[in-house]
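Note that chain A is present in both complexes that follow, paired respectively with chain B and with chain C.
Presenting the complex of A and B:
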């Protein structure tokens, strides 16, 4: 569905995106995970044809995006990081207008209903809260039932229940066979939604795999325990596979002195820090 | 073409929702009235008072020129403010990823209004002009004015960050029209200091009734557009 070959781009003279290669299969949810300023939105802008001054090749839906034809956007839905809506118009008027730009479109009321905006459909967008605007902006991308969806931080700044609703819609689109490119700095969203994730830092892809392989392939599961030593609480962390070799732990177990003991897999964030040396937030 | 047309209808709709823009569009009509009836009355009063045969009437053509340029100028000014509002709403980038496209958006916000303003300007001139215009000169003048106004739009949109700045800069770009009175007051070679202004050549064309001046008017307009277009497109993406 998407094939990127030797992509290079920079806003300035300084190299930024350099010789980037990756492919996205049809029907896949593909995530760009990285801290703010990593270049996620820039990559999306290139993939959606907003930035055309790139070098290398970017094929989306069989077309080199730099030279896309008029029908290209009939099958592409974009949800920008910041809402792009006519503030003076109502939610419904906005959707009606954008729907009119395409050859086909979905039922507007159903879309409004799906994100809980049906009762606000005839309110002006300028009276909407930030979260409501995000939701409206999101369904705007789904209006024409596109084959490929580009979602730039769709859940950022949303309350947990709206975020849940949106994630369910995203998963629902996937079951309909849509290809989805998702940008996020939220590791939980990436882990839950994405079939594959690309770690992005400073415009470069540092790792690319399924969230599961990234987590399992790298850091092994760990256990952490605490105990009292001379009246001070001490916390120790060891790999799960080294349990039997830990003399302290064996002694503590025998003497019943453990205060707490937990096991856990690393999160995608741990892996991100390990691979890139950077925090996600 | 259909998405571009729909996009243009949205442009009209935004104007209709904005009192200030709406009122601006009435300005050429009001000016037409004022020029057509106010100026000859003022001329009669002045001539009577000073006991002269003609004071303002030598400059009737200049008033006409201002009127001819005014309609495209106002239309493009209004269009620039709409574009700046849309820019604030992230709409310019969004249009670029719909079937409207970046180019379609520019067509709907610059070319359509400019073409319509040619006709509007011709009609206003037919109704309100103070002097007699031949049809070809009138048409050429209005078309050139419209081209000049596109350059003004590009300037306004590229250099202002928001609507308020756009309005301030809009007054400043009035300077571009400064070329109009030049052929009426400067007769020596000094007048060519203004030859970078398309408005200067537009005025020459009707003052001297010489079609050839359309060439420098076109060239200077395109020069302005060419200089500004890059920055304009960069801003839109």
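Presenting the complex of A and C:
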């Protein structure tokens, strides 16, 4: 669906995105995970044809993006980081207008219903809260039933329930066979939604794999337990795979002396820090 | 037809954002003013009004419309839609051109200057499109209303002064190559309508062409790269 070969781009003379290569399969949710300023939105702008002064090759839906014609956009839906809506028109008027620019469109009421905006459909967008605008902006990207969806930080700054609604719709679009490119600095979203994740720092891809292998391939799962030793609480951490070799643990288990025991996997954030030396937030 | 859909969108936008209300107020104001003039002045005053305002509304209203679209980031969405720059430009020009023509007829008919409705309508419509195209070009390159208004001053002078000179003092036929003059000739039916139409059309086409380039650049700049 998307094939990027030796992509180079910079806003300035200083190198930024350099010799980047990756592919996204049809029907996949592919995540760009990285801290603010890493170049996620820039990559998305290149993939959606808004930046054409790149070097290398970027093929989206069979077309070299630099040379796209306007039919290119019939099959691409873009949800920008910030709402792009007519503030003085109602939600429905906005959707109707944008839908009218495309050849095919979905049922507007169903979309409004899916994000819980049906009762606000005839309110002006200027009266909407931030979360409502984000949800409206999000379904605007789905209006023409595009084959590829580009979502730039779709859940950023949203309350948990709005964010849940959006994530369910994203997963739903995937079951319909859509290819989805998701940009985020939220490791939970990336872990939950993405089939594969690319770690991005300073315009470079530092790692690319499924969230599962990234987590498993690095720091193995661990066990942490606490117990009392001469009246002092002691905390110990061991790898899960070394459980049987830990004599202390076996003894504590036999003697019922454990105060607490937890197993835990490293989070994507831990892996991100380990691989890139950067924090996500 | 996408351009029809765009045009409906533009008309709807102008209605919702209160532009039609302003058009309406202007029309009332002009007609009132017109009848305050003595009979003998009325025709020239009407032509001047039709030339300088309803037709020129395009310049300022276009600025306001595009700056609204910029500030609400709507252009980002237009940039990733199948809309072509020419469609965007023509739709914007027609939306204002149509209302300008209606307003001009509302002023021109009571003033008794509409002797040939066809040349009158063509003159006003083309002239409005030309002004709107100039407004669009300037709006593409500016980001605030102040910048925009400042940048329209030279355009206003270049388009208005020769037309006013022609209307009041200096009726030499070579001035016809000026778009403002050819518009007045078309509306006022003082002969030479055909060459006037050609010149006005060529000017309009030229500015539409430049406006397409400016819109293309503006939509591309959504990506943040100066081309």
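One rule holds in what follows: the second predicted complex is superposed on the first by the 252 of 281 C-alpha atoms of A that agree within 3 Å, B and C clash if a C-alpha of one lies under 4 Å from a C-alpha of the other, contacts with A are read in each partner's own complex, and residues count from 1 in each chain.
We adopt the following convention: a residue touches a chain if its C-beta (ideal position, glycine included) is under 8 Å from a C-beta of that chain, and two chains touch if they have at least 3 such contacts.
Since we're looking at a predicted model, the values are computed, not measured.
The superposition on chain A brings chain B into a clash with chain C. Contacts of A:230 after superposition: neither chain B nor chain C is touched. Contacts of A:281 after superposition on the shared chain: neither chain B nor chain C is touched.
When the two complexes are overlaid on their common chain A, residue A:119 makes contact with neither chain B nor chain C. When the two complexes are overlaid on their common chain A, residue A:175 makes contact with neither chain B nor chain C. When the shared chain is aligned, no partner comes close enough to touch A:256: not chain B, not chain C. More residues of chain A are touched by C (comparison of chain B with chain C). By the document's definition of touching, of the two partners only chain C reaches A:11; chain B does not.
Contact with neither chain B nor chain C is seen for A:244 once the two complexes are overlaid on the shared chain. Chain A uses residues 48-51, 70-71, 73-74, 76, 78, 80, 82-88, 97-98, 100-102 to touch chain B in one structure and chain C in the other. Partner chain A is touched in their complex by these residues of chain C: 2, 5-6, 8-9, 12-13, 16-17, 72-84, 220, 222-225, 227.
The residues of chain A lying in touch with chain C in their complex are 11, 42, 45, 48-53, 70-74, 76, 78, 80, 82-89, 93, 97-98, 100-103, 140.
Taken in their complex, chain B has these residues touching chain A: 3, 6-7, 10, 14, 17-18, 89-91, 93-94, 96-101, 237. Residue ranges on chain A touching chain B, taken from their complex, read 48-51, 70-71, 73-74, 76, 78, 80, 82-88, 97-98, 100-102.
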